[in-house]
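Structures are listed in the sections that come next.
In the two complexes that follow, subunit A is the common piece, with subunit B as its partner first and subunit C second.
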Partner chain A sequence: MSRLNEKIILQTDSIVRDRILAASVEVRVVSFRFQICIVIGLMATVIGCGEPNAKFVTSDRTKGLIKEARRGAKVEVNGEDIKLKGVEDYVVENFGTPHDLVAWLRLPVDFGGQAGTVATQENEGRLKVDIKDGSDTGNATLVWLTGDSAGQTITINGYNAAVGEIALAETAEVAAGTQFVISPGQTLADGRRHYMTHCSHCHGTAGDGAGPTAEYLYPKPRDYRKGIFKFTRTKAPEKITTPDLKRIVKQGIPGTYMPSFMLLADDELHAIVEYVRFLAIRGEYENKLCVELEESYSTAAVKDRTSNDGGESKDDIITELTGFLAEDLPGIADDTGTLLAETWERANSEESLIVPSIARTPDSAESRSRGRALFLSAKAKCANCHGPNGLGNGPQTEDYEKDPVTNQFKPLPGLYDEWGQIVKPRNLTSGIYRGGRRPIDLFSRIHAGIKGAKMPAFGGSVLKDEEIWDIVNYVLNIPHEVQTGKVVAAALPKDDKAAAPKAVPEKAAASTEGAGE
Partner chain B sequence: MMIVKRISVGLTVCGLMAFVGGCDIGGGASVIPNVTVKLSESDDTETGPGPGPGPGVKSTGGGPGTLKGKVVFEGAVPKLADLIAKGGAGKDPEVCAADNAIPNESLIVGDGNGVKNVFIYLSKAPKGAPKTEMPSEPAIFDQKGCQFLPHCLLLRKGQKLKILSDDPIAHNTHTFPAKNSSFNAGIKAGDREGTEIVYASSESKPFAVKCDYHSWMNAYHLPLDHPYGAISGDDGSFEIKDVPSGKHNFVIWHEGAKGGYLQRKYSVTIKAGETTEVSIPYPAGKFGN
Partner chain C sequence: MKKFWCWFFVFWPTLAVLICLISVSSDYRWWFPANPAGSNPYEANQVIAAAGDYDYTAASPLGRQIDDLFYLILLIVTIVFIAVNIALGYVLFKGASESEEGKSLFTHGSHNLEVIWTIVPAGILLFIALYQMDVWAQYRVIENFPDEARKAPVAEVTARQFEWRIRYPAPGTTLQIDPQPGDLYTVNELHVPTGKPVMVYLRSQDVQHAFFLPELRVKQDAVPGLVIPVWFEATKAGEYSFLCAELCGWGHYKMKARLIAEPESKVDEYLRELKLDQDYDGVSKPAAIAAVEE
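Our next item is the complex of A and B:
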């Protein structure tokens, strides 16, 4: 076998060698035309990859709006042209572009830099300041957050942490109590750099989950722009916490293409997580502004309104939109920023966190049996999606859903998530848990559901905390069951043998029959 | 000669590709971006260039009036088959559709061809409208026989919404709002105490609420930040009281209408202290779901 291979390789080699020899003889007579081609090709290869122009892509929702709603409109007031801002203007104003980022301090994102307060002005060139846990800097920029110069940036010659002094590059008069940040946006800039290196090829520059690699992956990389992340330790209506995101970046998501970034330094992880939160809030902001406009000013809505049925004229609609852009949208954009700041901040607060009211029930055959009974019960209906044996093939996966907006049946059966993808209920026999395998991770999944997916929240109303722990104990044991669906009889609670679950319980069997309804 | 030709063509193509698009891979990781700081305070306080003719309509002063009306189906009323025949549920048949068939509620036509479950509302409160009190009672959203009750619900932004269940099996309530964050939680069997939720934002049109276990179960909710809205009753009639006088554009929305809107701007002038009566036509051709 190997001799044959060698022979083929030798033969191939000799053919190639002959060709190269022939080519080298002929190369001298290559026409000028081809030399030019080669030169252009080489030059383009070498210099073509200068700094690429990274862009935050405009969302499809924004693209669906009419031009004036997207990019604003100009109106003339008293002979002066005034520009009214559209959705894209607000997004750029508050979040910037990949090359010119905006650190909007209203948002609960750690943009970086050292924040402090002026204590006293020593002399024209020196300020005594209070910076908590400050560290020395050389030349740096400083932005004033309060006082007369609020929002202005200056250059400083350095900050000496030992004496708590800033050396100003230019003389300035600053009142005591003025707040400032040295090197503002440092974490955001770092986050962008690390994100573009490690994350953007799947998640995309704007966090739209559509990087160049994305089309080859299943499940798809998360599109952050809805502000929804699946695996959180927060209660059902709350957003993901910063520690949740950090854990996901560090551990990866088992069973998907999301790898572990355990080898990144802590400050790198921190910068990436803050940048991801920045992108998520940016996307959500864009989305929310679109929602305000698209019912009346999307291309489709305007087409409908100007149709024979609608009976409105395009000019009237534009005049109406101009009024909306002038009077309503500024307030809405402002409120949207505040609302997002509140919800993202609340996610990190203690009251949003899921804390089991009781400690985990020690894992035992009794607890697992109770968990299994619940898993199959009409009360929790776990088997409806995960299947009676936990294979992720419950009858619900065969059901045709109706789109909540269009009310039309989806083309394929299955469970759709908020991103329009069919998601499979977890096959619990594999022992791979995307949201983490610690008991508290599974507890959180059952308590709060999987956000953006069909898994509902069971905590609070349907299941008590001790019942959730029983299910956790059962689910963690499924991959190790000697025979799927069999609980050893001896392990069952003594007085409860009659109610012991059978291998294929009647309830689950009944609902399997109903799969094709 | 051929090889050189191929190499040169190949190089050119590669180079041009890299030049044109290929470079976006990696997306400029080496670029150090500028960061501009934007302060927290809102800076959008400057007013726009005078009042434009916005969609909200100014109140002309004077007292409020009442809008009374009826949505009337025009043409042959389509007969819709039941979603689930009595006793014919494929899932939980001992509860779902056990006592009654589950009707298709996307068009319910009653006495005098009146259409039920049409939302009539202002997209926003008129300027100068008085502050109104929030209803102290929570809105109730129940389910029985695997059907949501009511099928259409109008409530206020910030008002408590109590989700109940009168069925001996588990349901889940899954909302699909545009602005509010979606809610998806299990509702335990026979829960008469209820799970309370609140819509933090108003919405510009009704959104679907579903139970994922029972895919036929659906309902529509609309939270508004003002009281100027109603849902038509069994005979298609509705009444909105205390509407500030002036010209208003009402949104007329129905789940069965093509695209949802029966009328995007239904213009009505309300006179102080008077009741304005209207009849809103629902042409058969508009029904499309």
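Our next item is the complex of A and C:
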């Protein structure tokens, strides 16, 4: 008889003595086990779970590749086994894991540490060194970059910036001019710590925007792995700049769940932003390698090729792939790194920055009126998405989009962003500007569009800078447009400002409405 | 064993007296309302306070009155606690010392005593209720707010999961309930002038939050749909904590901001810089440079 039945018998037929006895023994056994569970539970509470085992998840794109493309293949050359690296191997080699980060020095990320050269060796325990903008350290590690012991790590007792001296913990003979780094990767490691504390629960360990809290949020936290950020001050094809990222972390993004981290210290902010850039570049690198392999070696493609129509054999494909992995991919991986280094470096350069050719047109009814005309015009087509009144309900929001790959209509109407989410055009009457409310912020949004979203870039070819300024003036004023019955400060008598605001009579409203209509 | 309960009830007032004696010493005062000392950037040559150094005066005049109320009530409660427990111990001692030979004595109680111990606590409660009313009215009733604070609210503070959005009126204008053109916006940093009462409008964009300035003893819930005026006065310039004190969601712990109290000229300067930054069009000088040159 199962235990469950016995218990039921105890309840329904409890006058039978031996059954009660049997059942009470049973109950005691259960409660003993229960006690064990409690003890184990309490111990677990006391001991805790330890450090979570963080890992960079593999992107869905990589998961779509066949095993050999992901993890590499082994080939025999002259009787020796050689491992050919796949996508995941390259990503780990160049970026590491959350526990063992790799600083790929080619990338324009500040990995931290103080680099310098040895000037003279004072004695066995002291080195005179040149470090630009150095600061004091306590015990730290030092890595030699050049010289006989290049690549080796030693411990130092500290660096004194005032006298420019390093106290060595062990005796070493070092030639003048040897280059070194103290505490290499310190910024990256700090960034990881702060990122895991403040950011990862939404943005995820790998920056995939899928942390534990992400599920409950709309709009979804940014997935950095495409290397695309929405609110930048750079031109349309360019990446986000470091100051842009800093501003976003500091100011938050009103209208979304991104809060402000104003109280972070400057060095913490710097470390977080560098780590985010590191994650973005890592994700983009993985993505770009996938693009190279996807067409021929994704699970779907291989299935297609080995089908009756394709007529290839699996072995042939693997042989072809190993050839590709041996001959082409190393070069591609290297070039991708260089390309990413260049694009991310270029983002921070001056020529990527949007600088309006003329200063903002002073805000006036005339300018706003021109702005509104443009807003409705066929040239700018703002109203298509944002609606004629700026409510974010333009006709385009009700349209069915076609998937560019499958050429099928999407099941739900609306505008889709790069991440496959439906995004709403901003309701411009709300006075909430996600990317910032400075005129230059709005100018940049119009000039370069919103990267990854459906807002196109109007700068240069479509709209002239002065036309953009007119639209900016109009858009900034939409929340304040006088509506009948709405409270307006300007309409109050000067000496009565503290008094309760009054509703504007219809006539006054009409006369102050500017040239909107 | 007969006297166990007697000793039990005498133990607690004795402990209370001991705690009273210890708690006035400077080493053990930390559990009284206190501010971490040494957070004042405007005091020249200030000695950097060691961890565990506290300033026991509230940073606002009303806060000091609230502290006084707290100490008054603490004093009343302590005296009552000690007196009641000693009386209880005494009664138990007397009962336990009596011989068990004779008959027990039963009574219907003492009418006079009952009247006394009803009227005395009621009197104390009534006293507290009336005595605190003045402070409460100053703190909460808008008609009793200081005039200069009531007439010119300095900012609107909007709580949001999980940050504080601040809106200042455009320089030279008065804050309106609805956003006006030229209003200045920032987040998680509220600048107010020192030495005069200031009022803010408190709102919430999503759930309930609470506007909490511990050093100034201000705590007020922000309720979605309501605009709640709150006033306070920072006597000393400095940086104060500005927290959310109502569990508002998973990110409640990170809903921290700072209140910066500084001389009025500095606040004006800050607002000027904020305006320069907010009006920045990418062509004119960046705010920081323009501010330095001014």
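In this section, the second predicted complex is superposed on the first by the 423 of 517 C-alpha atoms of A that agree within 3 Å, B and C clash if a C-alpha of one lies under 4 Å from a C-alpha of the other, contacts with A are read in each partner's own complex, and residues count from 1 in each chain.
The rule is simple: contacts are C-beta pairs under 8 Å (C-beta built on N, C-alpha and C of every residue); 3 or more make two chains touch, one makes a residue touch a chain.
Everything numeric here is computed off the predicted structure, so don't read it as measured data.
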Touched partner set for A:392, first subunit B, second subunit C, both or neither: neither
Subunit B versus subunit C as contact partner of A:64, first or second or both or neither: neither
Touching partner for A:158 - first (subunit B), second (subunit C), both, neither: neither
Contacts of A:413 with subunit B and subunit C, given as first, second, both or neither: neither
When both partners are placed on the shared chain, which of subunit B and subunit C touches more of subunit A: B
Which superposed partner A:440 touches (first subunit B, second subunit C, both, neither): second
First (subunit B), second (subunit C), both or neither touched by A:254: second
Touched partner set for A:192, first subunit B, second subunit C, both or neither: first
Touching partner for A:263 - first (subunit B), second (subunit C), both, neither: second
Touched partner set for A:147, first subunit B, second subunit C, both or neither: neither
Complex contact set, residues of subunit C against subunit A: 150-152, 160-163, 165, 173-174, 176-181, 185, 187-189, 250-251, 254-258, 277-284
Parts of subunit A lying in touch with subunit C, wherever the complex brings them together: 198, 213, 233, 251-252, 254, 257, 259-260, 262-263, 354-356, 358-360, 431, 437-440, 443-444, 469, 476-477, 479-480, 486-487, 489-490, 497-498, 501
Contact footprint of subunit A on subunit B as seen in their complex: 1, 3-5, 7-16, 18-19, 22-42, 44, 48-56, 89-93, 106, 168-170, 172, 174, 176, 178-179, 181-189, 191, 195, 197, 200-201, 204-205, 207-208, 210, 212-213, 215, 218, 255, 259, 261, 264-265, 289
Contact footprint of subunit B on subunit A as seen in their complex: 19-20, 22-23, 26-27, 29-30, 34, 37-38, 40-45, 48-54, 75, 77, 82, 84, 93-94, 96, 98-106, 111, 143, 145, 150-151, 153, 181, 184-186, 188-189, 192-193, 196-197, 200-201, 205, 212, 236-237, 288, 291-292, 295-296, 301, 304-305, 310, 312, 319-320, 322-328, 330-331, 333-334, 337-339, 343, 378-381, 384, 395-396, 399-402, 404-405, 407, 415, 418, 449, 452, 454-458, 460-463, 511, 513-517
